Amino acid sequence: MKGEKFSGKGMNVIKEDYPDLYESIVNLNETVFTGKSLDYKTQKLIAIGIASSSQDSRSIKKQMKSGIEEFDLTKDEIMDVLRVVLLTSGMPSFVKSVQILNELF
Amino acid sequence: MKGEKFSGKGMNVIKEDYPDLYESIVNLNETVFTGKSLDYKTQKLIAIGIASSSQDSRSIKKQMKSGIEEFDLTKDEIMDVLRVVLLTSGMPSFVKSVQILNELF
Amino acid sequence: MKGEKFSGKGMNVIKEDYPDLYESIVNLNETVFTGKSLDYKTQKLIAIGIASSSQDSRSIKKQMKSGIEEFDLTKDEIMDVLRVVLLTSGMPSFVKSVQILNELF
Amino acid sequence: MKGEKFSGKGMNVIKEDYPDLYESIVNLNETVFTGKSLDYKTQKLIAIGIASSSQDSRSIKKQMKSGIEEFDLTKDEIMDVLRVVLLTSGMPSFVKSVQILNELF
Amino acid sequence: MKGEKFSGKGMNVIKEDYPDLYESIVNLNETVFTGKSLDYKTQKLIAIGIASSSQDSRSIKKQMKSGIEEFDLTKDEIMDVLRVVLLTSGMPSFVKSVQILNELF
Amino acid sequence: MKGEKFSGKGMNVIKEDYPDLYESIVNLNETVFTGKSLDYKTQKLIAIGIASSSQDSRSIKKQMKSGIEEFDLTKDEIMDVLRVVLLTSGMPSFVKSVQILNELF
């Protein structure tokens, strides 16, 4: 999402109608994904893990897709993230995320 | 946690009184942290991110501590994980995790 | 929802088949939304904030719709609720709620 | 939190060691609590509701305290927020928040 | 909790200062725990499972204690609940609940 | 799910491509649902309660369906589970689960 223009449906409305809010979000996003020590790819893997734990389909799909597009993440790499999700968040989070992953490969 | 003997208070009781359950957990843990593509350190960073998003103090502290002991994770590295937590999970998760991080460095 | 007859699909079945449960819910609902100090509109805005933080699409939509129908809530008013959601619950909750809001205006 | 200097323990460290992150947070916070239609007090009541639903003691206490200090919120007003929490999030969230509220009055 | 007088700290204040709310809660509680088909003990086991999944220490302890007092629940019975928690909600929820269980036996 | 072959879409892929992970999950599942004191039916009712509290539609439906198929659970029995969900997790979790239950009977 680094340098992202947030062009999704929801964010376009924010940009036009609430430019102050849009600027703050772009600024925060840029700062978040400009870490001091970890590279952006590692941060993206972490974002996929957090999204998968939260069980929000929209967000799981969005994070996986942007990870695949930006870093050519492989299915095995994302599955290694989901292994951690299985242990920390349980079967329902894991199975839901595996199904979304399968639709992307 | 890879190869871990789960020697914490809770797990010792499990090991003695519910050995079948203990074996299953050790087996799952080993499988989870033996990824095909990501190394164990990256998986640990993901586990810290998920714990921090869940707001469970015990688990945040446990994951950070084991990451520091096993991989010499620096404060900056963990803070780069928490940057992602701020964006994905909001200020309360972030601030709570920062406070725990500060106690460890 | 004050004085509501809970006429949604799920609640109609409750009313017919589990009248004791239905009565308890109607009674609780009435008590909850008859605050001592805050008016009902403010309580409705709080309910929208809580629903949006929970990422449950059905409930987000239901709270926003009833807020618009009962109080003529404007898009700007609901967006001001979602600003708080962004800070306290993170981007995924915020973006999902913004998308639902956009469908209603 | 509007115009807040974020002087809590965790945030002081952020300010000194991660000034870029601190600036982004201050900026976001200011934008969030400068709504177009709702006043700041209403947004604060919403923040208390969201914190109380999340069951994070630290955050519940922090939001209630700052609401009392900044707006002289009464016990009845906060209890009217918690009524909504009871209906939307269940007894455990409600009882925990009531206990924290009782310690503040 | 059936027929309970809710004598905990938080609830005493509710009873005195917000009797309407107290009555609604007592009424709801009574209705909830008077199931048509399942006995009260089974419902209590379900309540322990839900509390343990939510990671709220206060609520986990409260549910386990009342289950032990009202039904002489054994450690093995509660551990069988926690087995389900492990599968559905992950290790952090499970370990936290096991620790609380160990303090009660 | 005891003795289950996990034949759902997601799990089939796991079985073929990640057999180590599949074995660990089957093993854990078997251990979890072989309690020392509670019977499998009671554990299934607990699993339905936990799923319903988490608001994940896929998982709520899956747990209810397998409970109906394996144990001929009646609508009243599942509703008695959902009564507990109403008290512990609030109206949105309850209403969503009631709607899913209604689709199954």
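The first chain written gets the first letter, and so on, giving A, B, C, D, E and F; residue counts start at 1 in each chain.
We take it that a residue touches a chain if its C-beta (ideal position, glycine included) is under 8 Å from a C-beta of that chain, and two chains touch if they have at least 3 such contacts.
Because the structure is a prediction, the values reported are computed rather than measured.
**Student:** Please identify each chain that touches chain D as well as chain F.
**Tutor:** A, B, C, E
**Student:** Between 0 and 180 degrees, and as a multiple of 5, what angle does the rotation take that fits chain A onto chain F by Cα atoms?
**Tutor:** Rotation angle, to the nearest 5: 120 degrees.
**Student:** Which chain has its C-alpha centroid at the greatest distance from the C-alpha centroid of chain D?
**Tutor:** Measuring from the centre of chain D, the most distant chain centre belongs to F.
**Student:** Please work out the Cα centroid separation of chain B and chain E, and write it as a whole number of Å.
**Tutor:** One centre to the other, that is 28 Å.
**Student:** Rounded to a whole Å, what is the gap between the Cα centroids of chain E and chain F?
**Tutor:** Computed from C-alpha means, the inter-chain centre distance equals 20 Å.
**Student:** Cα centroid separation between chain B and chain C, in whole Å?
**Tutor:** Roughly 35 Å, centre to centre.
**Student:** Check each residue of chain F and list the ones that touch at least two other chains.
**Tutor:** In chain F, the residues touching two or more other chains are 18, 21, 25, 28, 31-32, 36, 51, 54-55, 59, 79, 83, 86-89, 91-92.
**Student:** Given the complex with chain F, which residues does chain A contribute to the contact?
**Tutor:** Touch list, chain A to chain F: 55, 75, 79, 83, 86, 91-92, 95-96, 98-99, 102.
**Student:** Enumerate the contact residues on chain D facing chain A in the complex.
**Tutor:** Answer in residue numbers: 18, 20-21, 23-25, 27-28, 31-32, 34, 36.
**Student:** Taking the touch rule as given, give the residues of chain B at its contact with chain A in the complex, in rising order.
**Tutor:** 28-29, 31-33, 35-38, 42-43, 45-47, 49-51, 53-54, 59, 74, 76-77, 79-81, 83-89
**Student:** Show which residues of chain E lie in contact with chain A when the two form their complex.
**Tutor:** 86-93
**Student:** Inside the complex, what are the residues of chain C that reach chain F?
**Tutor:** 8-11, 13-14, 17-18, 21, 25, 51, 54-56, 58-59
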